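Residue numbering begins at 1 within each chain, and the chains themselves are lettered A, B, C and D in the order written.
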Amino acid sequence: MKSRVRLILTRSGAREEVVVSGGPTAWTVERAGTTTSIDAVRLSDGRLSLLLADGRQICGLVTFDDGAAVVTSSRGTTRVPIENPSRRGKRATSDAGDESGEEVRALMPGRVIEVGVSEGQSVAAGTILLVLEAMKMQNEIRASRGGVVARVGVAAGQAVDRGALLVAISPPALSAS
Amino acid sequence: MKSRVRLILTRSGAREEVVVSGGPTAWTVERAGTTTSIDAVRLSDGRLSLLLADGRQICGLVTFDDGAAVVTSSRGTTRVPIENPSRRGKRATSDAGDESGEEVRALMPGRVIEVGVSEGQSVAAGTILLVLEAMKMQNEIRASRGGVVARVGVAAGQAVDRGALLVAISPPALSAS
Amino acid sequence: MVTRLLVANRGEIALRIFRACRDLGIETVAVFSDADREAPHVAAADHAVRLGPAPARESYLSVPAILEAARTTGATLVHPGYGFLAENAGFAKACAGAGLTFVGPPASAIESMGSKTAARERMIAAGVPVVPGMRKAAAGAADIARFGREAGYPLLLKASAGGGGKGMRRVDSESEVAGSFERVASEARSSFSDGAVYAERLVERPRHVEVQVVADSRGGIVAVGERECSIQRRHQKVVEECPSTVVGPDLRARMCEAAVAAARAVDYVSCGTVEFLLDASGNFYFLEMNTRLQVEHPVTEEVFGVDLATEMIRIALGEPLSIGAVSPRGHAIECRVYAEDPRRGFAPSPGTITAVRLPQGPGIRNDVAVETGSVVPIDYDPMLGKLIVHGADRPEALSRLVRALEDYRITGVETTLPLFRRLVSDPEFVSAAFDVQWLDRRLAAGLLEDEASPADEDILLSAVGAAMAALERERPKAGAAGASAWRRAARHEALR
Amino acid sequence: MVTRLLVANRGEIALRIFRACRDLGIETVAVFSDADREAPHVAAADHAVRLGPAPARESYLSVPAILEAARTTGATLVHPGYGFLAENAGFAKACAGAGLTFVGPPASAIESMGSKTAARERMIAAGVPVVPGMRKAAAGAADIARFGREAGYPLLLKASAGGGGKGMRRVDSESEVAGSFERVASEARSSFSDGAVYAERLVERPRHVEVQVVADSRGGIVAVGERECSIQRRHQKVVEECPSTVVGPDLRARMCEAAVAAARAVDYVSCGTVEFLLDASGNFYFLEMNTRLQVEHPVTEEVFGVDLATEMIRIALGEPLSIGAVSPRGHAIECRVYAEDPRRGFAPSPGTITAVRLPQGPGIRNDVAVETGSVVPIDYDPMLGKLIVHGADRPEALSRLVRALEDYRITGVETTLPLFRRLVSDPEFVSAAFDVQWLDRRLAAGLLEDEASPADEDILLSAVGAAMAALERERPKAGAAGASAWRRAARHEALR
């Protein structure tokens, strides 16, 4: 039931190595030469409650999203990029995947008003791909990098859910065929 | 996706046949010669919302417990014994099971203060089986029917969870061996 | 006979009116679109009737569907809420035509206040102060200069045919009049094919202060203090307070008197609000009258100890005012919680609410229309509800607001809560040193942009969170939180 | 230096004091037993320290553990809440001995009021009315008869060594004195080996009415009106109100004056409550003084617009009273929500709360210490929290209470909510025609026993519920609710 993980956290651009060991509730955190003992539990609402030796409590919700911990607490929401060096192999693969193209997904549910591109078309970064209406507001969805439209997942007039694939773009290098 | 169920509901001792057909949201309920059309959905908090043709809404939580529907709404909590005649076979078996003995379980978590019986002992209805303390109150747990103690599941001093088996009692007829 | 009231609306205002009905012993009727079958306002009503598909024009704006719903359910009272068909004289008339009692002002009062120019003329006639302005277009620059000498500078030149901020120009002194007049007139000719220009006094950095009035059908009328609504984003109120920190007893008395005169001028009956612009010298000018119950009515309720929603229904039933000479106590602040993402230009954030945790304890009132599992549809105004705090004075109300915002959690959609969390630590907000453009200036200056960099606390949470997650992945039933979850699951099992 | 306050308690009172601290900008320290590591009061604090195992004597009653927790966290203030170590003079002294400020009255005041007989003597000396009684045992029946002529009938004869209801007898007239005296004396001799008997005036069907007092350390003292607490089950308060319907301005003034005299007699500082028995003729008698913040303090807060919890802390910090000449507005009612099963003799119902839905909207305050997923341990008082409603008058407060109770849902444990739902439809409760034994009489008469038989609504819900469940069993992803659940699940997926 004991565990030991070495993590690289990034704060304000600076990388910091942290070693966390122990569990399931009693943990030791080593960073920059200091060692902190922590009693940690997950509360029924999903938040973590950490108690330090001096009684100080740190309470917040931690979720993981795209290689970062997202921490929400009464102090606000912050994002801490986090790497698990023992999983570096997998990360690298997935990074490579990221670079191989772009999948444009709906950030909110809505209706597609207009589709401005078709499959096979070359687009530059900033090209308007389509117009999505949500709550009476029209949002222009643009390409964040150049490439070739590999797939158009929706048609004008269609309702889409959050997260739906709108347009997939392949990088220019892969788009020859 | 359509369904048709015949049910026997008991209210204040009187049995009533009800046929429910339709689904998943549009239902027809036939009872005592009257037919009611109902639009039904389950709300995110688990309650059912039924809308009748005249707009009347009936909202409440329905759970099933030991052959009855337990309905909780702003009108309070009521219990409607309910039979599904097509499942009568199973019911009968389980009824027979009920009659073969008694399993006394903890109705609340607590600590066992004292156990008054031991395995193999004959008990009459009303015999104190054990004393359970919860929240500083001592509760005497008694046998609801006579028989022979088939099993004592706990010992004095032990903490028990709600639902834990305290004592099992076999009916006299089966206790010869 | 049972009294039954239909609310031709959805969301928190429908719930608010239903609560008022329940407090009065009146049965409730909800209406809903296909997007709202499972919405909290539907579940809260004694009756509920489908109006039509999700788009508002086919549901909440469909007068025939609403009248039919009233007929089906035997409702005799119809409350429009705010938005949708509130302030629609045609709807008020249609209700009357169908034999229903409209819970709101007479259609004639809605009409009178609905036309801004006609309302201005009526207010002038009633002696209600309006922003000084020329009553017809200027024949030339000399007319403008003459008006400037009367009304004082700065002025605002406006193209008569203009609108939406176009064809307007500020003039600070008489020497600028001639040049500015020519420029606005020429812009007006080219943009609107109409060169007519007029001038009005420019009210600089005004506050928006409004007065709540309540009038019954027997001639009784009372003003229930003012509300400070200067915290606006693009002309939309965001935070409202009662009372205003800049309104003293004398000014309050004069504003209340003007508001009563305004309401009397249109034979107003029901709850209504007279909105004023207030300048730094304590001059106030009629802006418009909202002929409905407003979003921000709870701050008045908390401070004056009245129930405006029940009063509005009682008045519709022909009863006399029950609100008499009430006096204010303490201070209340309301925050409008929207499903909008303040970090992305307040883009709407519809979706499913995965969890709601409302603040509670002393001084906190929640008028909220979502629960865990609720869906925020894409089809309507994305307001989720309102947080209202009340304290013995403004500092105590602010302290309670800070606490409430810390405790408030909504997940699944983005909300405007982070905006409020920033606001309450802004020194100008805390000292109430603001005007109607203040928030827009603050947002433009990056109020929300200086994203907090992770603190040591966040580093520790991230690290332990990652370690716990790793442990849980390896041993799903034996990790830290896993043990906890398992223990809980076991307890649940035991309850069956 | 940061001010840090430790609450030597748990549950809703810990949360209440933490909220007060946050409103004052004071850091908070929670203490907890092994049963409470995940409890809401722990999660709500800036610091939290484990005291020991679940049993209270090893945790919340362990003075050394609490003092050590204060030392570890640098807390300088200690608040006892109510119950546990509140009203324990030894704890107040131990805090002082450890250099900590005890947020409560001086140990001497706790001691003085802790001894019922000594307190009675002090009250007599201070001119506070007490139930008339003989100050020593009767030499014979003639002594009793003489006292009866002075004090009036009925009397209550009591064995001096008695207690717990034993050795007591009602006497309605002088003719009964001789016989009753002999019987009580003989019973006293056999039961307590002490035949001493005395008499006091029997207060018939009294109400419990108490006065809130607040005193600072500079001699300032104020009485903040009364509370009506007659709704009791076996001497435990269940529902409290402010004000009392039977206390008029003159009686209120006299009760407040007596309460201030009582507090002054023991040099009281902090919030405290002087409890009185009130008879049908408007005579009131000192019962006892609670030297702490009481469970029912919120009804006073709502009606008077004050914050007793912050005031108590301010006073402990040496500040003068901030509560001046406050006046009441409206009516407030509090219900104590317990994890007890009213249908099974109010047996405790510990367990895991599977869902909590609190009422909200105008006039509703929740001081509640459980959330969905919270565990109600078997080790402590099973109070989950308090529902407080407030309205412009008692009928409005009652309407809002009815509404709040309809909206309130707690599942996973049994609660006293069904009791309150019955109470609010009881004509005598609605007309406030009750006394301290009223609820016990009502319960004995079967208030909760006439279980509602299923209505047509319940039949329809059962039938459709069963059909939907059958459909869901057959086609887990395509049934009625199944479709809904599946749709929701799909949405959740889309959010990832």
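One rule holds for everything that comes next: a residue touches a chain if its C-beta (ideal position, glycine included) is under 8 Å from a C-beta of that chain, and two chains touch if they have at least 3 such contacts.
All figures in this text were calculated on a predicted structure; none of them were measured in a lab.
Relative to chain D, the chain whose mean Cα position lies farthest away is A. The greater number of contacting C-beta pairs, out of the two interfaces B-D and B-C, is seen for B-D. One simple way to say how far apart two chains are is to compare their mean CA positions; for chain B and chain D this gives 35 Å.
A separation of 49 Å divides the Cα centre of chain A from that of chain D. With centres defined as mean CA coordinates, chain D is found 39 Å away from chain C. The residues of chain B that reach two or more other chains are 41, 44-45, 162, listed in rising order.
Within chain C, contacts with two or more other chains are made by residues 38, 351, 357, 371, 373, 406, 484, 488, 491, 495.
An unclassified topology is adopted by the chain contact network, corresponding to no line, ring, star or complete arrangement. Annotation, chain-chain contacts: A-C, A-D, B-C, B-D, C-D (touch as defined at the top). Residue ranges on chain A touching chain D, taken from their complex, read 39, 41, 43-45, 47, 49, 51, 54-57, 59, 161-164.
Residue ranges on chain B touching chain D, taken from their complex, read 1, 3, 5, 7, 9, 11-12, 16, 18, 20-25, 27, 29, 31, 36, 38, 40-42, 44-46, 48, 50, 58, 60-62, 64, 69, 71, 73-80, 82, 84, 107-111, 134-135, 137, 139, 162. Within the complex formed with chain A, the residues of chain D that make contact are 29-30, 37-38, 42-43, 45-50, 69, 72-73, 371-374, 490-491, 493-496. Every residue of chain C that touches chain A in the complex is listed here, in rising order: 347-351, 355, 357, 378-382, 406-407, 409, 411, 418, 421, 451-455, 457-471, 474-475, 478-485, 488. By the touch criterion stated above, chain C contacts chain D in their complex at residues 15-16, 19, 22-25, 38, 298, 301, 305-307, 309, 329-330, 351-352, 354, 357-358, 360-368, 371, 373, 375, 391-392, 396, 399-400, 402-403, 406, 412, 484, 488, 491-492, 495.
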